[in-house]
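I have a structure here, written as structure tokens, and I will follow up with some questions on it.
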Amino acid sequence: MSDPEELRRILQAVSTGSTDVDSAVAAISAAAPSMDFAQLDLHRPARTGNPEAVYGAGKTPEQVIAILRHFAAARQDGLVTRVSDEMATKVIAALPATEWLPVPRLLLQRSGPPKAARGGVAVVCAGTSDLPVAEEASVTLELLGNQVSRLTDVGVAGIHRVLGRLDELRAARAVVVVAGMEGALASVVAGLVQVPVVAVPTSVGYGAAFGGLAALLGMLNSCAPGVSVVNIDNGYGAAVVASRINQAGLGPAP
Amino acid sequence: MSDPEELRRILQAVSTGSTDVDSAVAAISAAAPSMDFAQLDLHRPARTGNPEAVYGAGKTPEQVIAILRHFAAARQDGLVTRVSDEMATKVIAALPATEWLPVPRLLLQRSGPPKAARGGVAVVCAGTSDLPVAEEASVTLELLGNQVSRLTDVGVAGIHRVLGRLDELRAARAVVVVAGMEGALASVVAGLVQVPVVAVPTSVGYGAAFGGLAALLGMLNSCAPGVSVVNIDNGYGAAVVASRINQAGLGPAP
Amino acid sequence: MSDPEELRRILQAVSTGSTDVDSAVAAISAAAPSMDFAQLDLHRPARTGNPEAVYGAGKTPEQVIAILRHFAAARQDGLVTRVSDEMATKVIAALPATEWLPVPRLLLQRSGPPKAARGGVAVVCAGTSDLPVAEEASVTLELLGNQVSRLTDVGVAGIHRVLGRLDELRAARAVVVVAGMEGALASVVAGLVQVPVVAVPTSVGYGAAFGGLAALLGMLNSCAPGVSVVNIDNGYGAAVVASRINQAGLGPAP
Amino acid sequence: MSDPEELRRILQAVSTGSTDVDSAVAAISAAAPSMDFAQLDLHRPARTGNPEAVYGAGKTPEQVIAILRHFAAARQDGLVTRVSDEMATKVIAALPATEWLPVPRLLLQRSGPPKAARGGVAVVCAGTSDLPVAEEASVTLELLGNQVSRLTDVGVAGIHRVLGRLDELRAARAVVVVAGMEGALASVVAGLVQVPVVAVPTSVGYGAAFGGLAALLGMLNSCAPGVSVVNIDNGYGAAVVASRINQAGLGPAP
Amino acid sequence: MSDPEELRRILQAVSTGSTDVDSAVAAISAAAPSMDFAQLDLHRPARTGNPEAVYGAGKTPEQVIAILRHFAAARQDGLVTRVSDEMATKVIAALPATEWLPVPRLLLQRSGPPKAARGGVAVVCAGTSDLPVAEEASVTLELLGNQVSRLTDVGVAGIHRVLGRLDELRAARAVVVVAGMEGALASVVAGLVQVPVVAVPTSVGYGAAFGGLAALLGMLNSCAPGVSVVNIDNGYGAAVVASRINQAGLGPAP
Amino acid sequence: MSDPEELRRILQAVSTGSTDVDSAVAAISAAAPSMDFAQLDLHRPARTGNPEAVYGAGKTPEQVIAILRHFAAARQDGLVTRVSDEMATKVIAALPATEWLPVPRLLLQRSGPPKAARGGVAVVCAGTSDLPVAEEASVTLELLGNQVSRLTDVGVAGIHRVLGRLDELRAARAVVVVAGMEGALASVVAGLVQVPVVAVPTSVGYGAAFGGLAALLGMLNSCAPGVSVVNIDNGYGAAVVASRINQAGLGPAP
Amino acid sequence: MSDPEELRRILQAVSTGSTDVDSAVAAISAAAPSMDFAQLDLHRPARTGNPEAVYGAGKTPEQVIAILRHFAAARQDGLVTRVSDEMATKVIAALPATEWLPVPRLLLQRSGPPKAARGGVAVVCAGTSDLPVAEEASVTLELLGNQVSRLTDVGVAGIHRVLGRLDELRAARAVVVVAGMEGALASVVAGLVQVPVVAVPTSVGYGAAFGGLAALLGMLNSCAPGVSVVNIDNGYGAAVVASRINQAGLGPAP
Amino acid sequence: MSDPEELRRILQAVSTGSTDVDSAVAAISAAAPSMDFAQLDLHRPARTGNPEAVYGAGKTPEQVIAILRHFAAARQDGLVTRVSDEMATKVIAALPATEWLPVPRLLLQRSGPPKAARGGVAVVCAGTSDLPVAEEASVTLELLGNQVSRLTDVGVAGIHRVLGRLDELRAARAVVVVAGMEGALASVVAGLVQVPVVAVPTSVGYGAAFGGLAALLGMLNSCAPGVSVVNIDNGYGAAVVASRINQAGLGPAP
């Protein structure tokens, strides 16, 4: 029974004799299915202001608008990923308060003022073509209340570009590395820092990149310990992992 | 709370005043985790006599002996798949009542007399090399209480061999088709019967058979409706599916 | 000779002397090719009202219209899958009695009143993106005369959603599980029910989903027995299998 | 030196003193490169009237028109494969004598009257969706002077359809089997005939057909001997192989 | 009814009144199933002396001995492929008349004197490592009564080795090309001859040869028309195809 | 210049005139290469007691012994993974203080007393066959000073087994999920906890598990956010990631 | 410290007492990060006139225009690859001095007169469909100051076409081979020359060419030594490798 | 006719009348086949002392001994790769002058004193497990007369190890990079040098390394220009390429 107050109410009725035992057994049992799971807290309600992500590709603008209205009613932040120009135009026409971020192709509907940025996550990006995925990660991280440091275009073909920003890298509590092609940046970065590296292979590249497979395999086989990998182009997923790492040691949000 | 008697007992204590409401709330809440799952009956006890399968490859004889002893104590049938000669020898030395079936490489420990064979499942096998997998299916089916009809070496390279046994095929309530190489037998059989066909690709073949991949893809792409597929060489898995289909319409076992 | 009446007619002519033996030998032999196969009943005529499925993708509207007219003439239900908006518009203009179901992208031409719904099949769907495939399965099942129970958006990321509808799941005689991404729902459901689970991997997902390959492999490797798998996005195929399972134990349709 | 007369002429000039030795060495050496290859007959001129195939996809209409003009000047048949509607329109506008075959998407420019059809090749096609590839094979075979017998829509899901046309199959000197999905038709046909079977996997199918990979692997692993395979959708290639087989035993064309 | 005499006998009985019509209908119908297949001659008996191939890998010596005894009794040639040294020793001990060919790893049991060699097939082999597969093809071809010309170690890395034996190549009525690694020899040879080329990829090579996949794909994509492909390492299969091509134009064997 | 004292010494020599400017420029420049990297601290010395992992497979016992002696001299913990029985025997004979852990196949050489266990990491294991990889993770985590909670044999085929230990799961600061076959456990667990889930696919399974590929793809496509993935069977790698996450919020080790 | 003059200045200040030792230590240390990398010359400035390549696909015309303006300002040649017609039109409108090469789809902005062509690289192209990639290589080579010899349409299906141009091949200091389909040309050429062969697989082909995979594997498995391979369709990459090889032995450019 | 002197001799005989014209025509024609190819110099004789490589795996010791004796007779160096301990023992017993190099598993039979080492090739090796492949490259390079600089264990997980040996890297005329796992070292090195980088993926790694596929794809997709790739584990092949590059600019060997 999820609602202790309801349980207490029934028990008090039993206690006062206004409900007999059989009726109480039946009431509690009948309520069990929904109660149980709430009691188990399997479905922890998302805290107010946390974004709920919607994968925009394959949905109609109408569906997205309906979902965002639902979020607004629930006072939750809403984040739509993989949004086309056409969808963005239609959604903004319907919901003018929505923000459109064209590089990461995100639509954002805030339920309140931005959360305070805490801790620090570095988002490292190998090439400018990887930027949309990196920005999907960075924006998501910021929405989740993380301080983000962006290191852009620091691919391993010019290793000095990574080394030249070592201080920023080492100041982070978690690092997201976004790279396509061979994905070597994850290994290089993981050899330079002591915190977890969340690697995002991108589908950038051609020919034998096979839509991100080369980068994915490269990152999974990183010779440097401390790397774990999310799905190809999944900047959002990396952000959720990195946010959890970053905030683990910060104590509860203010 | 899974145990209605326990719940009733608490409520009666509340009703009589021997327990106060707060204590009852606490007692019901504290008991919830374990109770819930019993109540949900997530873990339905296997009926006595049903075999519990153990994948023998990768286990030591000692581990298998221990597991079989556990089954014996629980009065459950035990079935061990993918058994090496060496393992069979050691297990039988320790547990002489165990049966060893060398073709399907199965060890079988019965908890009672064989179940009555009901309904009918046809197990169709393309070539003699596929026989171990087909026998794994057939023996498992028999253990589960199904009447089994074996059609062996009826590959499509000689289509008359299939056609010549059409009556047996059509008498079955479910058909298991076991084939390696190109796996075409599944499509041919499914075009001839009206009952579900459970297809088992085998790793038989060489070169571009790629360990059963060719047969697997062939069966998944069957142009005949009514085919579903289990994992490569998974005779046991096909038997479980076919047994459920066969027994669905038979009513409860006697 | 497929038509016993025709055979009888010839024999009677021989009997009465109106046909001589040589002519009768010739007539029966000449007819043999078609007779044989009818006699063997290789080509069982589909029962009236059963849908014959047409794969719409890659056909022209004109071809589809011609096929549907053919079905109408034969008094068979016609079902067209993977229909584009454009095709639907053209077909309905030509055949106004055709029904257009936009979510599963199906065109349906009925040859008579709907069949009575019997037994019960649960169609379980992991996410809203999987809905078109799930609906393809559900609509096909209904056309084939099965009672369908839809469980939508019960993905394993919130396991309580599956558990909360356990009663509906367990009431079914067969379960179709439709899931993309990692396809884990098939394993979870198969661990909860005792009837066959027909798993449909969908191409929903991105990156390393590889067009449904991840879900397909996941379902084939299900750790729970009782699962068999059909082709990626093949809701129609799953429905045919599940319908056969469901109706196996019901006896002949009224 | 390919031309013995030319060599003799030089030697005679040496013999008579009208050419000195050094000049003769130079003349023979200088001529060598081109002579050698003529002598080796590496570049056998295609016989007049034989089609030279051009892969139309990826070429511009202008390029195709130029090539066909080149063929016309050389009095060769020209065959363009994988032609779009747009290309066909433009080519026919420029070269009105060109024939457009929309089903196999071929453009054909004849250099003379059709060749006499000799021998016999059966082109067997599993489903109507495979028809474009089958027609690419059939038309090419006819251009190359082969008698073609078309067996269409005889997939293995209804095995009686193949068996019902056994006489036509067995009358052929070579059989081309065109099938997508699981490609099982190649195995079934090869079990029924004694002549070589040239199998063409098609990209027809969806999901785990993986663009023809399933049919390709199926055909390569055919359990029936006598099957060899060409590239996915390569009707033209199969036709060239089958034409060579058919005509091998016919003696020189009249 | 396969036996016209039997059919005639029944009809005459009807004609004379010694059998009534109903009995005749029943008799013809009852006989149909088995008769049909004989009538259809689906199972053409192999002509005496033709080898029946047995895949030796995965069989026990005892199984192979039993099969060969069966062939001897049927007066058929027997050919066992992929034979281990150990199996060869045991089989020869039991059946001393069996021939053991160690390079192609074949066991051969003749049912009579060798067939006369007719026509001509060239078996071209890229490297010495490919020799076992090439010899499997050559020996099978000889058993089937074909004249075989062996061109060994003529890989494309030294193209002059192929060119230097052009006359032998061009004298053949069919060419089998056996090559591993990149399999380029098939394209080069097909550009030099006018007869069908049957290509056999071998598993020779390492690393990205992926067990013959590189050669297989290379041969399927041959830029020269006239090439068809059999399974990896399948020398036997190529021989059957090439024998059929060679003998197609030769008329019946003497 | 990495050593500030050395730099200061040179500058003081310049300051006092005992070194001239040119010599100082040369000295600083010459020292630069090695200094720079120390200064950049690219090669942070591992803190005493931290294990350095050695991949044992493919090394000789002699090599492993030498490496462990090197670690002992450097007062570093040494951890050898993927150790065969034979290697273990030889190493322990040479270095009797080494610990041998047969289930995860690890050799461990401690440089001091175990580190205090801090925080909490749950290591969740789907089946007993996955135990070696899970133990590789657990032992590594303990060596790195993490409190480890082991949840064994809680596969999704019996979802109640996971749910029954929810409290332990939710007490952890990071969760390692080890699963083969379809790897669905990662998604289920990630839907139940709020901390990062590090997923380890194992090579457990057969047929279409393809050596862990099915589990790998399943985990990468997890429908539940918060999952990142390491290489197949890489328990060590997962432990390093999880240890970094766990200790991030704990402050410096005592 | 990258700038010896700056270092000298500080040391002289120390020497003269105008800077104290501590300040000098701080100054040198503070400057270290940027100095170090210049000193290491990790980022060698590209020599004036060398093209910097920009991958045009996936960039907007505006981005490309901005990049080219940046190159112009830096007096560097700019090369944009994979340019669409639409992009070309827009870029030329903005930067009229840019050259548009439609076959290789390159945009070229020169910073000065073309470099003198030195040495010799042969670019060999199997078919006309491979020409765009071959021209990408040739144009890049010319921009980098290499003499280029183009051998077009010399595929191995007509081996005499390669042999007929042997002198040109052998005159080169490096050979680039561009081929799709089976990619056999690389092996044939490498067997004919003594210089390095840089092989470029192209995505030309269909069906089992799998987007260039067949050619890629073929080239990696070349039976002729001296071949190395770049990514599919990567004409630019091959040109950079071949240019380095060609110019290695030529001494510094004039 | 390859030998101009022989041609001149015949012509002079014609000129002086000691040979008649017909005899001369016959002599020149008869010699043509072999002459042509010599004239074309397709089969350039390997220069004395150059090693001819033999792939040892899959050959018997007897075959290797025979080949080495053949080389000795021809006064050629012989190099056998992938040699087992057992083969080495047998070969050395037969040919005691053969050198056995256990790390790269090479057998070497010299035909004379080592060639002078010229130029410079750096062989860079990511980890000690990659050493056998790296040594196969290094030893081959030395046999071919190249000065070799070995950089071992400089993987990218500790980027300072590469950077610390930059001078050695930059002194080379060609660089061979040998790496398994993700193969990222190729990209890092190519970003640091101006000469061609020949990348060798190794099969070192486990799980998703897929036998070297991850490293192969990584290297093919290198974001740094100047990299080309050879087959997995092909140290010999990389050495031949690098030797050709190194010696291209050195002029003829002394």
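Observations
Chains here go by letter, A, B, C, D, E, F, G and H, matching the order in which they are written, and residues are numbered from 1 within each.
We adopt the following convention: contacts are C-beta pairs under 8 Å (C-beta built on N, C-alpha and C of every residue); 3 or more make two chains touch, one makes a residue touch a chain.
Remember, it's a predicted structure, so these values are computed and weren't measured experimentally.
Common neighbours of subunit C and subunit D (chains touching each): B, E. Among the pairs C-F and B-C, the greater number of C-beta contacts is found at C-F. Although subunit D and subunit G share one sequence, what matters here is the overlap of their interface residues, and that overlap falls short of half of the numbers used. In terms of residue-numbered contacts, C-D and D-G present the same interface, as over half of their contact pairs agree; the other options in B-D, C-F or D-G do not. Chain geometry summary: the mean Cα position of subunit A and that of subunit B are 40 Å apart. If you average the Cα atoms of subunit D and of subunit F, the two centres end up 60 Å apart. Counting partner chains per residue, subunit F shows two or more touched chains at residues 33, 40, 42, 158-159, 163, 166, 191-192, 207-209, 213, 216, 220-221, 225, 231-232. Contact between chains, per the stated criterion, is found for A-B, A-C, A-F, A-G, A-H, B-C, B-D, B-E, B-F, C-D, C-E, C-F, D-E, D-G, D-H, E-G, E-H, F-G, F-H, G-H. Against subunit F, the residues of subunit G that register as touching in their complex are 1, 4, 7-8, 11-12, 14-15, 17, 20-21, 24-25, 28-29, 32-33, 36, 39-40.
On the side of subunit G, the complex with subunit E involves touching residues 126-127, 155-159, 163, 181-184, 186-188, 190-192, 205, 207-210, 213-215, 217-225. Considering their complex, residues 40, 42, 44, 53, 163, 166, 173-174, 191-192, 194-196, 198, 216, 220-221, 225-232, 236-238, 240-241, 244-246, 248-251 of subunit A touch subunit F.
Across the complex, subunit G is touched by residues 129, 158-161, 163-164, 166-167, 204, 206-209 of subunit A. Subunit G contributes residues 33-34, 37, 40, 42-43, 55, 57-59, 201, 203, 211-213, 216, 231-234 to its touches with subunit A in the complex.
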